[in-house]
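I have placed the structure first, in the form of C-alpha cells, so that the comments after it can refer back to it.
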Amino acid sequence: MGDAATDYTIDELVVTALAKEFPDDTVAFNGAVSFVPVCALLLARATHAPNLIWVASSIAVDPQPKEIGESTLSDALWDGATMLQSSAADFWAYAQSGRMNSFCFRGAQIDAFGNVNNTVIGTYEQPKIRLPGGGGMADLGCQVGRIYLWSTTHDRRTFVDKLDFRSGLGWGDGGDHRQRLGLPGGPRVCVTNLCVMDFHQVSKRMRLRSVHPGVSVEDVIAQTGFELVIEGEVPQTVPPTREEVELIRRLDPTDARKREFA
Amino acid sequence: MSAEDKLWALGDAAELVRDGDLVAIGGLSLNCAPMAFCRQLARAGRRDLDLLAVVSGMAVDWLIAAGCVRRLIMGLTSFEGFGLAPSFRRAAETGSIQVQEWSEHTLICALQAATAGVPFMPTRAGLGTDMPALHPDRTWEAIDERSGERYLACAAIKPDVAVIHVHEADRRGNARMNPKLVWFDTELVKAAGRVIVTAERIVETSTFRQAPERTSIPGFAVDHVIEAPRGAWPTACWPEYPYDGDFYRSYQRAARDPKAFAELFAEHVAPLSTSASMGA
Amino acid sequence: MGDAATDYTIDELVVTALAKEFPDDTVAFNGAVSFVPVCALLLARATHAPNLIWVASSIAVDPQPKEIGESTLSDALWDGATMLQSSAADFWAYAQSGRMNSFCFRGAQIDAFGNVNNTVIGTYEQPKIRLPGGGGMADLGCQVGRIYLWSTTHDRRTFVDKLDFRSGLGWGDGGDHRQRLGLPGGPRVCVTNLCVMDFHQVSKRMRLRSVHPGVSVEDVIAQTGFELVIEGEVPQTVPPTREEVELIRRLDPTDARKREFA
Amino acid sequence: MSAEDKLWALGDAAELVRDGDLVAIGGLSLNCAPMAFCRQLARAGRRDLDLLAVVSGMAVDWLIAAGCVRRLIMGLTSFEGFGLAPSFRRAAETGSIQVQEWSEHTLICALQAATAGVPFMPTRAGLGTDMPALHPDRTWEAIDERSGERYLACAAIKPDVAVIHVHEADRRGNARMNPKLVWFDTELVKAAGRVIVTAERIVETSTFRQAPERTSIPGFAVDHVIEAPRGAWPTACWPEYPYDGDFYRSYQRAARDPKAFAELFAEHVAPLSTSASMGA
C-alpha cells in the first residue's frame, strides 16, 4: 500500500481505518451528518474495493461527487449518479431484502454490544437533552446485515455501560439475541478517534482490535464506560499511506470530514 | 369539490387545517418542506395540532415555536450539521409538547396500513429497541404462529391532512416533481384524508398531458393546490434552489436569546404571542 | 336529453344505460376486455359527468383516446393522459384508500348478490372449463366501494343460483355480509343485454329495475338462474338519444364495444 | 459476481434457471413479457418449474406447452380478446399442471412480505371469496385483537429467480423503462433471490449517468443482463413495438390441431417432444 504518511491528521486516520473494513461487494448507503463514512466509502471505492456501490444520501446510486458539502443528505453528493432512487418504498425494499447491505451508525451513546442512542440523554419523559431522534436507526439496525459504527468522541459520555434509550439495535443484549429476533448480521466494527474495536464472536461484546498511534490501551480503557474485551497484545492501527492521504484530500477537497472533529 | 378547480390562495391556507388536526408535513430534513404553508399556520395561530413529520427540522421548529403543536409524531427532528432544532429541543425538555418517537420505517408502515385499510403493517424494524414501548398501543411485538417468526406490528395512522411541496401543479391537482426527493411524500399523500399540494408554479394541464410519464401525483389524489413560489425556503427545492444555510445559522444564533429570536421569527415567520412562544 | 334514437343497437343501449350510473365524482379504472365500461365511461364524461376521471387500463389518467382498439389494457387508450401511473404499489394504494372509487366487473358467472366467477366452470380441481382466473376481482371486489356489473350474455349459464367459484366479492352472502367483513360499499347495478338490475336495500339480492325495449319481465326471469326481486311495475330502460348514439359512435369509431356482443 | 460485468448471452439463458426453481415472469397480459428468455427455457427443456405470473398469457402458455411447468401461481392467465390461453387451459383441465390461483394484489402482498422479511402481509383483498381456501397454508383470514378488524394474511413468497424485460440496460445491471408498464415488474425484482433483466438494447453506463432520474432499477438489484432485441415479441414493448395480434390469432388457430400447433411452436418457440407436449 506504499509508505506511511507523516503528516496525516486524525480524521484521515479514522477515515482510512473505516475504509479498510468495506469489502468489494459492499452496497452502502448513508444518512445525515455522515462525513466520515462518506469519505471512507469514497476512499474504499478508489482503492481496494472498486466494485463497492455507495448510494449517496440513500438516494443517488454510485455518484462521482466533486466535493462533499455541508450536508450528507444533499444534492452536492449526487453528481454523476446512475440512478436517483427517490421513493421510500423502493429504498426500504432494497434495504430490507439485503440488496443494500451496509450502513454506518453513530450515536450520542454507544454500548458494549454496539447498540446506539440518539433519542434522549436522561429519561424519555423528562430528558436532560432531547436529541434528534433515532430516525432510521431502529429500522436499519434490524434490517441491514452489515453495520459499521463510528465515533469521533471516544469518551465515557459516548461509550456507556447503559444507554439512556436504545434507539438502534446492535447485538442487542449480546450473544445470540439478534439471531433469536430473526435479524440478519450485526455490527462488525466500531472505529473511533482512539481505536478500532470489533465484537467478540460469542459474547458480542466490543473488543479492542487496535489502538491508534500515540494512544495506549490504558487510554482507551479510561475513556470507555464499559468493560472492553482485550485479548493478548493489542496492535497499533495501521496509519494511512501517503497515497491514501492524498486520495482523501482529493475526494474531500473542502475538508468536510473535519466537521465531525470540531 | 370540483375536479376542475382546486386552487386555493396561500393567504387562506390556514383555513384548510382545523385546530386539533393530525397534520403530516412533507419534505426530508433540509429538503423541500412546505414552509410557506407552515408559516400560514403559524400566523393564523392554529392550536393543538398533532404533527406527523418523518424526518424534518425547520418546519416542525416553526410550528412548535409558534405554539401550534400539541404532539409531534416523528422519526427524526434536526437541523443536521446546523445543530439541534432549538424550539423542538426546548419544548421536549420542558414537556410543553408531547414527543411520540417512532422511526422512519415504522412510521411508513403505519401510513401504509392506513392506506391499505388494514389494522397494522408488520415489519422487522424496531425489534429489540426501546421505541415500541413508547406507544405500546400502536406498536407491538408479535410472533406469527405458523412460521414462528417475530415481527413488529405498526397500527395504522391516518393523517387528517397531508401537506407537501412540489415544483409544478395544475388546478386539477396534478403534481410533478422535477425530480425531487420524493422519499416519504408520496406515502403521506396516499394515506391522508385530505391532501394539500403547494407548488413553485401553477401550470396548465396541457403541461402534464405532454409528458404524462413525469407526473408524480395524480390530480384525483389531491384536494387543494396552492401556488407558493420559493415555498420550500429556507429548505431546498432541488434542483431549483438550495437550502439557505445562512438562515439556519442566524436562526440558531437568535435562538440563544429570546428577544433576538422573537425579532427574527416575526420577520420571517410570524409574530410570537408571549404566551404561545416556545421558541423564546 | 333530446330525442330517442331510432337506429341504435343493443351495444349502444347497454353502454348508455351503464353510463348513466356514473356520478360526476367517479374516479374509475378498467381491466381487460372491458369495452362496454370504457365506452360508458367515455360517454358519461362527455355528457352528464364532465368531472369524471377515468384511468385507462388502470394506468393512464384522464386520457383522450381517438379510438378504443383491440385491448382495453393497451396503449391505444392512453393518448393525452395527464399521468401514466405505472407502478402497482401506487395503483393499489389509491384503489385501497378510495381515491379511485369505481370499477366495473363482468364474470363468466354472476350470482344473485353480485358475486362473480371467472376461475372455473366445474370443480376447481377438475374443471370442465378453466377460465382465465380472478385476476384483480378478489382484490377490487373487496377494496373498491362502487362496483358496477355488466354482462352481454344474460342467460342461465351466466346468471346462476350458485357460483362454481367465488372469484370476486359482491354483496357476499347478502344482507350486511360486506359490512361484517369491514369492506366499503358494494355492487350498485348490473347492466345486461336484457335489463338493468340493482340490489334490494336490505337483502342485497338483485332487483329488476328496468327491462330493455322489446324485452319482457318474463324474458328476464326465464334467462336468470336465480330468483330476482321484482317490485311493482318494471319500467322500460330509457333508450339512448340521438345525441348519445352519435357520441358513442364518435368516441368508439372502430366499434370496439361490439366485440363483446359477438 | 462482478458488479462490473453482468452480461450474459441469450443463447445460454436457460443455464440461469434450474429445474424445480420458482421463476417469476414479468410483463402484464399482452405487454412486455420476457418472451425471448422463455423461449430459451422451452428449448433447453427445463422441467418442474414453479411459475409465478401475476397477469400473463403467452409466456406461461409457451412454457406449459413445452412441458416446463409443474405449478403455476397466478392471478390471471389469458390472451384477452384473443381468447383463453390454450395450453394453460388444457393443462389445467387435464390436471397435468397444478394451478394455484391467487389474485393480483394478494400475490403482490406475498412478494412484499418476502421483500420485507416478514412472515406475511395483511390485506382486505380476497376476504369473503373462495380464493384463500385454495391455499390455506399461504392465505388465511385473521382478526386483529386490538381493533377487531378482519384481514387476510398473505404468507411470503420468495421467487428463486425473477425475469423481466426492459428497454435499456448496461453491463452493471442498471435498467430503464422508457417508460413502460412497470406494474408488477419492480415488485418481482425486489422480492426475488436472483434477478435477470432482458433488454432491447445494452447501453453504456454513461447513458444512465446522464439522466439518473429515469433509471428504473438500480444495478445492485440485478444479477444478470441479457441483450434481447424484440425480446418481448409477440407481446408489446410499448412504445417501441405493439403486440403482434396476427401471431396471437394464428397461435389460437393452430392450437385446435396438434400437428399445426407443433409446427407453429417449432418454428417460433421450440420443437415439442411428444411426451412433454401439453400444447398438442
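Order of writing sets the chain letters: A, B, C and D. Residues in each chain are counted from 1.
Going forward, a contact is a pair of C-beta atoms (placed from the backbone, for glycine too) under 8 Å apart; a residue touches a chain by one contact, two chains touch by 3 or more.
Remember, it's a predicted structure, so these values are computed and weren't measured experimentally.
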Which neighbours do subunit A and subunit B have in common?
D
Suppose each chain is reduced to the average of its Cα coordinates; what separation in Å results between subunit A and subunit D?
40
Centroid spacing, where centroids are CA-atom means, of subunit A and subunit C in whole angstrom
57
Whole-Å distance, subunit C centre to subunit D centre, using C-alpha means?
29
For subunit A, residue numbers touching 2 or more other chains are 84, 86, 89, 92, 96, 143, 182
Which residues of subunit B are in contact with two or more other chains?
116-117, 123-124, 149, 179, 186, 213
Among the chains present, which pairs are found to touch?
A-B, A-D, B-C, B-D, C-D
Counting only contacts in the complex, subunit D reaches subunit A at residues 2-4, 112, 114-117, 172, 174, 186, 190-191, 205, 208-209, 212-213, 215, 218-221
For the complex, which residues does subunit C have touching subunit D?
32-33, 59, 70-75, 84, 86-89, 91-92, 96, 119, 124-139, 141-143, 165-169, 172, 177-178, 181-183, 259
Of all residues in subunit A, those that touch subunit D in their complex
25, 27, 50-51, 53, 55, 60-62, 78, 80-86, 90, 92-94, 96-97, 99-100, 143, 182, 184
Residues of subunit D touching subunit C in the complex:
28-31, 55, 74-78, 80-81, 84-85, 88-89, 92-93, 95, 99, 101-106, 108, 123-131, 134, 149-150, 177, 179-184, 186-187, 236, 238-239, 242-243, 245
Subunit D partner contacts - residues on subunit B that touch it in the complex
113, 116-124, 137, 144, 146-147, 149, 151, 155, 179, 213
